[in-house]
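Labels run A, B, C, D and E following the written order; every chain starts at residue 1.
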């Protein structure tokens, strides 16, 4: 079936709306492919958003309409006819004002939306954004519809952008794979070999099968070669991808473990509440996000109260994360300092008991978080500047990951500076090595202890702000990290920041490569643990042993 | 703490008192309590509950043997507990036979454990077969965890891994094992583990008497282990053990191979934990990889600390009291009991470093101080 | 003029046992006082009571007009008490240089003053200068002892407390230390260099440095001290000008 | 000439590029009491570390005790073949009583299983009582060693060393923290051991060194190797020794 | 007035508290609602709430306590299958009755458990039918490493193959042993936080279009997964994910904006436009607002399938008790097996002889406000516990 030549795109859409059968409806929509204008795109968008309706007049005539403009008190809006874009008039000739509740929504399903997309895709072939053009081209290519070929070839001659050109060549070749002409097929396979895109894999495989079935060795061979090229490319992508993922996994490990490297590594407090400090940082981020938005209501301990919001939107809203970073640090540091004053300070001489007390603290904090925020996870959305990615040669560099890597570098450098280049750092290290002697030299050990524990806790809080961008935020969030954190610090060598850095990166890399090789995250994790056990065989006191001559260290 | 200037208390008198107290408690636990149950004065529920507590007490002793007496803070004792449990569990699974779910549904002609049917097995894998024998299974309760402990301990102590490194390593070991046991293809029941046991040594679990006998076996084991450890701590071995705790490096220069001593204790503790686990599983009715999680080991450490480290009564008291508290509070304060428990840990550590067992000493010291001031 | 440091009837308990049973002791500004006694009589305990590592049960400690016994150890140190403990207590993972800097940082000594003070310590213990970047924990016993003394001097104390400072130190350096102590006491200026001269001035603060010395080595005590106290079983049993530390006194109170 | 009981040949030890011991050669005869002196940091304690197994020499060096190559043995094996050591900083089992410290050190089998069944016999008890008297800690036998004063710990450690009856005693600064009279007593004790046992003693107290080296040899270490070796007087008058070690004083 | 004790056995602490606390809340609400109307057989319901603490032996202990000490007439509880397995012998031994409300893997049919839960054919297979109908050709199976996902995926594997999907088009990996497929799909442990690798794999899997992900990831792990998914540029348009463990309640912790258009399949959605559902939601919210139960969160609460199935369970039990005229478990079971119906918030549910429930199944698409837009429904699907091998060709 083909639409009457006289029909405008709008009319075709109206016709489609009035078609009941969903397959038939898709076919009507299909006739729009390659034609149409901006209005069609707008209509389709409205359709997807349930803003198209069918108006039935008293005489039973059905008219597709779009509701637009301000709602009045009764919820009524202007109704635009879909077929001509004019206001719908009532029997009295005056424009009708309708409310959504009186009308029937035009239904749509997934396949219909795909058909609409195909229409829009062709519109998008000339879109101004290259990304949009690529998406359009790919959709057409994957559909392997010979009818679209001219449009694509035409576009290729006009196209300036290199990436879009590649996508166009790929799409053309994919469509040509379906050609009846073996020579064309052969050329297409050659082209695909040159392009070696990941997306072409399945299509080449299908072509290979077909060729084998049809006993066409030349084609099959060409397909095999093309596939080989794709697989080579895939190996390279996986290799670099794994490198990057290892780096980012290592950076996250580093960020979450750094605080522990201070409280446990430097201070020797076996701080089981480290995970909860991370959680506190994450919840702080959550609160800040809500304050930037519409506020937050909480009902801990049966009391209800509300934190008012600022109702910002757009970039102002998304800047919440920049404020959340320092605030997470400060909140967790404050909690850490309170903890140090009330519990930890009595345990410096009993490190193993610090494990028990801090475990108690961690239970209590988990319960408190649960009481305040509920046991469900809460929703922290990533600002747009953290949620995109760069894709270079099919390797995806997520911005959040890149940000974490950069951030890890910054805080490691910062900590290193504080500890080694400032008087405070010197005092911290002195106090942690020998509290009694440090106080005999006049160091205000209580204050230094407090600040050191505060720093470690603050860093954990900062890590919390980060993991809120990557994972869930809930009262038991800390439990997911605590084992890994201790492992990282211990493998690096307790009390050695440089060791922590290397061990975090090493574990991250090992984890990602093993996952890649074994194809199983659980086995990967087991292997990493076994590797750590073996590693400690070789270096029983971690990567960097800080040797001392005393008999009982 | 005894003052160095005061005359040492005659240890033989003390010993006699101790033997008396232990004997009384042992008789109560082994004889009187089960009798009360048989007479209906103690509910079946409490028998199986106390059976579990006593298993936990055994686990706590094993932790204390390592941590309290030898200075090895193992965060992996739950692994051996679970391994023992799994060995017992394998036997119990094979004893289900025609009573299982698939068998009921007529889908299990060969009496395989249900999870195997589910994975498509029709015959029992070879390594499962010997577990039909109770004796073999009990031998495995000793052998498998013992072997794991020996190999791990050998590697760790040989390379002189100690302190927190040892702790973290044991934690990694048990975590690793739990991940492994989670895997279905290990053929150990995956995440569900073993459950739905029907009978042991011909006795059905539907009969309260079965639980009573399990309880008695546990109580006897506990008393034996207590006495054994008490004797051990008084030998020269016990002295070396504690010397290792206080100055491992120095011990070497007295000619003792610290690694051998540690290995011995580590294996011994693993065996105690394993036996505890084997006794635990029929009474609790389930064993799954969750029991190997590092948190479980940590919990056992907490029992020891709360009860009193480096004593033998401490871990027993700690394990029983915390678990009893937990049983009670999860019913009485289902929402806030962790708050209570967490708070308790903090308070004990801060104000009662010697644990519960140090309370009588504290009280008597307090009265002594008042008394001496007056005089 | 009241004494710089005054202990009256100090009693200290360790773990329930009474170690000091009423110690009386006085040190004046610019004076070197030796505290002597057999092993285990409570010398170290006395020093720890002064520095605050042990708290006293009764009695009082006055320093420069302040009640010392109510202060935390670090406040005492900042009030002007520098100490070299028995066992040295070097910060093992700090480098030698960092070990020395701790004292400077705490007492806010910077720039030229700090450099002069450091130079002085280096002249006193040349070996430290060679070892600046090595970790304190790997030094030999004697080297650590030298580091501990140097470190204490850098906290700019009014009273320096030394617990067996010569233990484990080679003879030539013991002599050197002895000479230095005497010089410090006498506000004497070493005849070597100008830099050292300035440094001495800053350290000795016009003779306000007093020294309390626990020492087994009688000759050394005789050599450097002005007065002595001898302890037995937690009390001072005899004291006086150093000249009165005769061989009989030594035999009676210091030998078994 | 009797073959030496201890032969240290061409031994070096480097820590992170720092040469603590350099091409050291050292021989000790059976029953000899040798005094080793040298400036702080000369490598005396490191020398002991190498013999007792706490540290391993750089490859190439040889340390033989009797006919056993100790560089191939670890600490406890070396102790079991008869080399006992007292450390420079007193190291005792602080949570054990004085008595138990000695029991732990008493000569006898050291294995795990033998320790399970070991009982003290009357001979052992007599020996322990004698030792307690000798180190004058008889009345503190049930004190925890950690509660002892510094000097008392020194004595206890000497007692522990004696209890284990080693063939070779390595004694690092025994007189440190002792009164002059006790130092003298220590000297006599060491002299009485010579002959039956072999001893190497490190000390800085020249009075003490004079006392114990009256009949024996003194070795001076400097920067990790032997500076000179000889009778006490020879060494004392050696110009180089005075320069690096003794100073201008009356020593 | 006389009371009847009813057990509530859920994890209020530990990892599972995230999901199970809401079930405790809705149960208490239901009891209040019933009590306000006079209770059951004239007796008020007296809830006995215990915390299973995500600890399986403790679950068994608490079950024993409920049955032997408190002598409850019925228990509503459990979420994870392993908790159900651990209490099952206790219920069988004491002839107790447990109502189990959460989608599960089947392969079980105890006379002492009533499964209001979705069976695999009331959730997973309808969802696959929908995807096939929509023209998807490739399926990536991803789940948490435990029995429900493992089983579901094994059933789905058979199902997909039976529908003509070639093995090559099923992603995530297969594990075979001795010629038997013992595992299909990719599994991550509980608490897994790093999905980079898996998402990269999916991205390649989906590069040629026509692919969908079938996810049985549990609770927590969905968050890092979906955040990674979005960061890699994958969307519902390029490769939709249908999740079986994300209900509205879990959705509260997910970055909704990044999930728009992803699919879910349950026997209830909060967005169902029926008067019964509207009333249920309003009543529940009102109850929350005035509730004084400790630890109840009042803000931002939603309703979801496990909650509604808990609610339905209580009413079905009430109906059965009333039909039997007694609280006796055998009598109540008999009544339950006789085909009782209840018009719940998700539509009519009817009990089956095999202790399962016939109910409606809905497929929904997530929206930015955290709700599902229902795009397809299947009416009166019969719950079938024994599915493994059923679709095998």
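The rule is simple: a residue touches a chain if its C-beta (ideal position, glycine included) is under 8 Å from a C-beta of that chain, and two chains touch if they have at least 3 such contacts.
What you see is a predicted model, and the numbers here were worked out from it, not measured in a lab.
Counting steps between touching chains, the shortest path from subunit A to subunit C takes 1. Among the chains present, the centre nearest to the common Cα mean is that of B. The most distant chain from subunit B is C, comparing centres defined as mean Cα coordinates.
Measuring from the averaged C-alpha position of subunit A to that of subunit D gives a distance of 66 Å.
We define each chain's centre as the mean of its Cα atoms; on that basis subunit A and subunit B are separated by 44 Å.
Centroid to centroid, with C-alpha atoms defining each point, subunit B and subunit E lie 35 Å apart. We define each chain's centre as the mean of its Cα atoms; on that basis subunit C and subunit E are separated by 74 Å. Across the assembly, subunit A contributes 366-367, 371, 522, 525, 550-552 as residues in contact with two or more other chains. The residues of subunit B that reach two or more other chains are 4, 179, 182-183, 247, 250, 336, 338, listed in rising order. In subunit C, the residues that reach two or more other chains under the touch definition are 15, 138.
Taken in their complex, subunit B has these residues touching subunit D: 4, 8, 232, 235-237, 239-240, 242-243, 245-247, 250-258, 260-261, 264.
Subunit A contributes residues 423, 426-427, 429-430, 433-434, 436-446, 495, 546-550, 553 to its touches with subunit C in the complex. Within the complex formed with subunit E, the subunit A residues making contact are 109-111, 114, 117, 138-139, 142, 197-203, 205, 234, 237-238, 241-242, 245, 248-249, 252, 297-299, 301-302, 304, 366-367, 370-371, 373-382, 387-389, 391, 396, 398-401, 467, 469-476, 479-481, 511-512, 515-516, 519-522, 525.
By the touch criterion stated above, subunit E contacts subunit B in their complex at residues 12-13, 48-53, 55-58, 60-62, 64-65, 68-69, 81-82, 85-86, 88-90, 93, 107-110, 145-147, 150-151, 175, 177, 180-183, 189, 294-295, 386, 388. On the subunit D side of its complex with subunit B, the touching residues are 52-54, 74-76, 79-80, 84-85, 87, 91-96, 100, 103-105, 110-112, 115-118, 140, 142-144, 147, 160, 164.
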